[in-house]
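Same chain, two partners: chain A is paired with chain B first, then with chain C.
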Partner chain A sequence: MTRHIRGGGPLVATLAATLALTACGAGGRDSSDGEAAADTPGVTDDTVTIGGTFPLTGVAAPGYSEIPTGAQAYFDYVNEQGGVHGRQIDYIVKDDGYNPTTTSTVTNELVLKDEVFATVGSLGTPTQASVADYLNDEGVPQMMVSSGSLQWGDDVENRPMTFGWQPDYESEGKIIGQWVAENMPDAKVGLFLQDDDLGEDAEKGVRQYVDDQIVAVERYTSGNTDVAPQVSGLQAKKADLVLAFNTPSYTALSQLVALKTGYKPQWFYANIGSDPALVGSLLERFSEGAVDGDSTALDGVMTTEYIPGVDNPEDPWVQLWQKVWDEHGEDGELTNYRIYGMSQAYAFVQALDAAGEDLTREGLVEAVEEGGTDWDGPQLAPFRYSADSHMGISGMRILELEGGKGKPLTDVLVTDIGDAEITTDDSGSADDAPPENGVPTS
Partner chain B sequence: MRDRITAVRRNVLARHLFLALVGLLVVVVVVESISDYRNTQLASMAYLGIAAGGLTVLTGTNGQLSLGHGALMAIGAYTSALLLPDSDSSLPLSLVILAAVAVTLVVGAAVGLAAARLHGPYLAGATLALAVAVPGIALYFKETLGGEQGLRVVMPDIPVWVLDLAFFVTGQDLSRSRYTAYVGWLTLIVVFVLLANLSAGRTGRRWRAVRDDEVSAELAGIDLGRARVSAFMVSAAAAGAAGAILAFTVKLAAPSAFTLTLSLTLLAAIVLGGLGSLAGALIGAALLTFLPSVVTDVGRSAGLSDIQAAELAPLVYGLVMVAVILLAPAGIVGSLRGAVQRSATTRRTTSPTTTKGTAS
Partner chain C sequence: MQQFLNTALSGLTLGMVYAAFALALVLIWRSTRIVNFAQAPMAMLTTFVALVVIDAGHSYWLGFVAALVSGLVLGAVLERVVIRPVEGKAEINAVILTLGLFIVLHGLAAVVFGNRYRSFPAPFGLEGLTVGSTTIALNGFGIFTIVSVLVVMGLLVALFRFTDVGLRMRASAFNSEVARLLGVKVGAMLTLGWALASLVGSLAGLLIAGGSLVHPSYMDSVVVFGFVAAVLGGLDSPLGAVVGGLILGLSLSFVSGYVGSQLVALAALVILMLVLTLKPGGLFAQAAERRV
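And then the complex of A and B:
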């Protein structure tokens, strides 16, 4: 422990001198800030820099890490066509490993170091919640968060820069609940819920319609991979219809446990947990090959859909995505997660376009609030963007899965949070086709 | 002058205070000359450094292995978060840090009492259980502790006198990330001075005696349990302070920040830097803070895709770890120190008169 400092005096003197120099230099440095403030960060005459945080590594990475690759491919496609108002889109993706602490660090990096104009499509409820206030305080638009929590759109006053994108879990719960009440009034309903916003919001929605049909509610904590107690709980209460609001891993886990215990209810997985390809591969991995992992694994299961997916190769939007992926994608196939990223990127390009030539952060927010509900796009139901609500897509349709494909059971149903009625969508959003060149214009 | 310097060298406390002063000057110069983003990284390095410093005292000096320091940090962070719920809270940050330390100290005492009876793998197992269980508490008491989403930490406004002082000293307005970096590094300096003094004094000698040989320590009249519990408490207190700084930096206390990975990261920091050395803990913390972002940036500029660049960071981190253990088994500081001592010994054998006072 006896380290000796030789020549301590000169060292102190040097440091003091440096300090004094920094102090002198400070006066000059401040003056340049005034000019910089006039410009919008991340925007030049020919580029706009945006960023996003996603789990690229860790447990949440399978599936989710493909979303930014889809968005990147679409931005590359738009850039090749000349960009938006002559600006090339530079998209910076950071890994947060689905850890809110890391999200905070890398978002700091995006805002302070990379000086992004906005964050776009950043993923996750706990992760984005950790930076929502920071981004709003800094005035950085938090565009189109990849999560169905209500908090991205229901509190415009406190979070004026935050926008949702996908349908919220409460609306999804309502639509599913009403359909069950009308079509399966005798079913004994069991709920299988992730114990966070996802499960809570969805339960609120479902209970509006089937409160008296519910015989069992089971919750699991994300990260705990043993769901046998929950599935047995549903089985013990003799639930014959299970409405499950969970992430894809837990679809696979719950299916495996049900196979083991011989529990055969009608399963209804919310959109977030029902990608047949991913669930199939997870099933095969978790069961170490005992269960065949092709996409027929979820046959007969019901779910919902709000953008067309890979099971619909004739859909004009999917054809556009296929073309974009073939031209600009990385290795690997076009997947539903990549389509998700592209659909989101499409909406952001619409927003950029609507914000006009003189791009500012406030201008972007205003443009989305004013025109967002009328945008054509891959979404089956229109956005709810307005000055009072920043909620995303307003509805979805219910499907039954058959050989990895979805067979529609309903028209597109739209609603909103709270008491809003559920109606059949008449805006024609589901029937529009992309423009010729695949780039939206206002 | 020369006599006074020699006197300062002899006096442990004076030497540590002098080092702290130099450290403070370096911190001011560095913090003022780098960007806001680098300052948030510095703040991260500060909390990792504080926690690693506490752990290195426990593991290196007292020979107890803890896999639960991440959980102790969580206690510090949640305490801070509960004390700073909104912008109206007028509690000064120094009191928040002290409160975090106090609460963690109490928990540390309880765990330390149990840990003092355990050895080797059993101790590792017990502290591992702590690391796994504590984040679960936050999930269970969702109403008060915020569940998966965690608790937001609202930093109070920077006190006016601090702003004035900062402007007086540096001539620049103090930005929030600079402020956080200062708070973090001031805490680090205070904690390190205290830790260094403890290790250098009687308490430290007892800890080392217990580590080296229990029987002879006991024969020398040292109460084994007491020495172990005190080491654990000191180490826990440091972890509590680190948790508070983490909360200030990240502005969030969420269970996912305090997984087992954090505890293992701290352990990795002290192994990389060199067990038992505070400087080593700091070097380890620096590596863990800066290595991932540097590697990811290098990967991206080398043309890798975002996913590949993100995957590169843990790979390089693993390789560095393996390389350090193979090439410098005593850690970076330990091996450097060994090398310096070896060259000093060689010099001494050639010219014994010139080396007076160099070797320890």
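And then the complex of A and C:
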């Protein structure tokens, strides 16, 4: 198991940025006239080249490595329909193995060698944090980072080129916290947290509402698969409702340990850790005991949802994704991770479309800031994009899992970071359907 | 109280797995005088063999035996083909080779078996035993783990102490020249040492996989902890390996439960440093220190 010093990433990136700046010189870009598109890196009259970094190998690869396959399938689908403003999307995916040092190297390659127009959907909090300053210094849009950390959208001044996509962990924590305070006011709440931004941001949100209900907080370190001491800790404090903010493998591991120690609280897993298909496949063998085979393993568990998934084959968006996957996908089934990649790709195509025919990096950022909140798309709640905030999807609904399907317990609830109120979404985002041909146009 | 008990029990089971792994390291050290860093991926590979057998619809136990047999064969083959050419040269050559093997086997497993997490079955129920009205964190598989590690340790002690083969293996390892003059088939002994060590390693792999998740690097943390356990015990003593594994498993479980799970790896190294400072040859060192 490799460990990384997080401070090292930005340093390397800054160094690389300095070198790159010295090498290329900074001037020469003029976006005031119509020829701008010709000067913009990665953009020609008939192509736009974008890139992304993902863990295709290593411990973080299961699940996450499927995200770019979904995005690729959707870009292929759009290209087949003629692309965006006549430009074919060329998507370059690099493997960073979830290692921030590698992320710096491959992102450098994307920017300097492949000359990408923007990075899209690149995955991971520590990994993307290591290149955020570099990309912003270089003026390369860091679009729709696949992570719920706050840092992709709460500081537009310092990171004007960075945009989040999925709901942030703090907002998710708030929505879950309020629901618990209202519906389970007597519950003794235990928190099971991954010991990084994920757990930290979420705890901040949850504590706004159920601070006095919390009886135990346990943190595990990602990479250490023995969570028995943490689960025993929750059990000892007699927590009867566990709010868990963890990755899918740790959902399976915590269920196994609970079985071993005879711990039966109500489990509430945040969206990131609750994919029923993946967790179910991990637990399928342990069927002798209380853990049942397939995706029913998580029956009765509560979670949240912000885009429709494979358990909802009737949803028009899922039908579009199924069609895209059947026509352009690689081997294998459509999964929630692939849907995640496609939903993100859909939003990026909207951004490209909105940026207009004379495509520039500044133009892209402006278009997202101006129009992003109004885009229809698979997301259940609207984006929060504006000149002051680059935060992504604003909300989600709470579900109870049954037979691998989610049964909604609430309407779509929207909020923002800090002390923003939680309200029921009235934008109708949850009810929109994709356009006939499956490609967004303004 | 229940938390204390459960933390101790899960530490005990975990410690036994580290012990099994440390036993494999001790075995190879005693019979060849090198440390085999490829032990973990070798065990991972044989565990995947078991998974393939079980996936094909056969029973857990057939998979179990298949893994142990393939461990035996894998150890022998690797020694003959990869390690043999550098035998008799500086020990560091062989050690570096095992590091290379570590990477190659990892890559191979990822290509053949895929890189995702997969669940591995256990032959016994996974629910904890009930004592009175409370459930304790010890299940059938945990007991199986403890018993099988103790049995293996007993067998190894018996092998080295009471049998002719054991004596010849040790002789070949300590001084192959003299052993050869005395009529010991040194080559065969080295192969046997690797094969047996790989078999014990496979057992460790199966024990840690049972009732949990496996992927190509699931044994990697065990390498570090198993190595620390073996060094704690002095690298030379099967009993030391088991005691070292237990000390480590229990302390790490308590550190994780009562201090913080981010300190687990640090705690392992602190324990290692303390032991090596106070008793450089390990807790159970019998022979004088050897410089390698």
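In this section, the second predicted complex is superposed on the first by the 394 of 442 C-alpha atoms of A that agree within 3 Å, B and C clash if a C-alpha of one lies under 4 Å from a C-alpha of the other, contacts with A are read in each partner's own complex, and residues count from 1 in each chain.
Basically, a contact is a pair of C-beta atoms (placed from the backbone, for glycine too) under 8 Å apart; a residue touches a chain by one contact, two chains touch by 3 or more.
Since the model is a prediction, treat every value here as computed from it, not as a measurement.
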(message) Tell me the contact category for A:Pro68 with respect to chain B and chain C: first, second, both or neither.
(response) first
* Asked: Given the touch rule stated above, what does A:Pro316 touch, chain B (first), chain C (second), both, or neither?
  -> neither
With the two structures laid over each other on chain A, which partner does A:Gly371 touch: chain B (first), chain C (second), both, or neither? neither
- Query: Looking at the overlay, what does A:Gln230 touch: chain B (first), chain C (second), both, or neither?
  - Reply: second
Considering only the touch criterion stated at the top, classify A:Pro160 as touching first (chain B), second (chain C), both, or neither. neither
Quiz item: Counting only touches as set out at the top, which of chain B and chain C does A:Pro126 meet: first, second, both, neither?
Solution: first
Task = Mind working out whether A:Gly363 is in touch with chain B, chain C, both or neither, as first, second, both or neither?
result = neither
(message) Once chain A of both complexes is superposed, is A:Thr221 in touch with chain B (first), chain C (second), both, or neither?
(response) both
Touched partner set for A:Tyr98, first chain B, second chain C, both or neither: first
Note: overlapping chain A surface for chain B and chain C spans 1, 3, 57, 65, 195, 221
Residue positions on chain C within touch of chain A in the complex are 2-3, 6-7, 10, 14, 110, 115-122, 125-128, 130, 134-139, 142, 211-213, 215, 217-218, 220-221, 252-254, 256-258, 260-262, 264-265
Residue set of chain A touching chain C in the complex reads 1, 3, 57-59, 61-63, 65, 195, 219-221, 223-230, 232-233, 235-236, 249, 252-253, 256-257, 259-263, 281-286, 288-291
Note: in the complex, chain A contacts chain B through residues 1-5, 8-9, 11-12, 15-16, 18-19, 22-27, 29-30, 56-57, 65, 68-69, 72, 93-95, 98-101, 104-105, 108-109, 112-113, 125-126, 129-130, 133-134, 195-197, 221-222, 330
Residue positions on chain B within touch of chain A in the complex are 1, 5, 9, 12, 15, 18-19, 21-22, 25-26, 28-29, 32-33, 35-37, 40-41, 44, 139, 147-150, 152, 169-173, 177, 196, 199-200, 246, 250-252, 254, 256-257, 259, 293, 296, 305-307, 310-311, 313-314, 357-358, 360
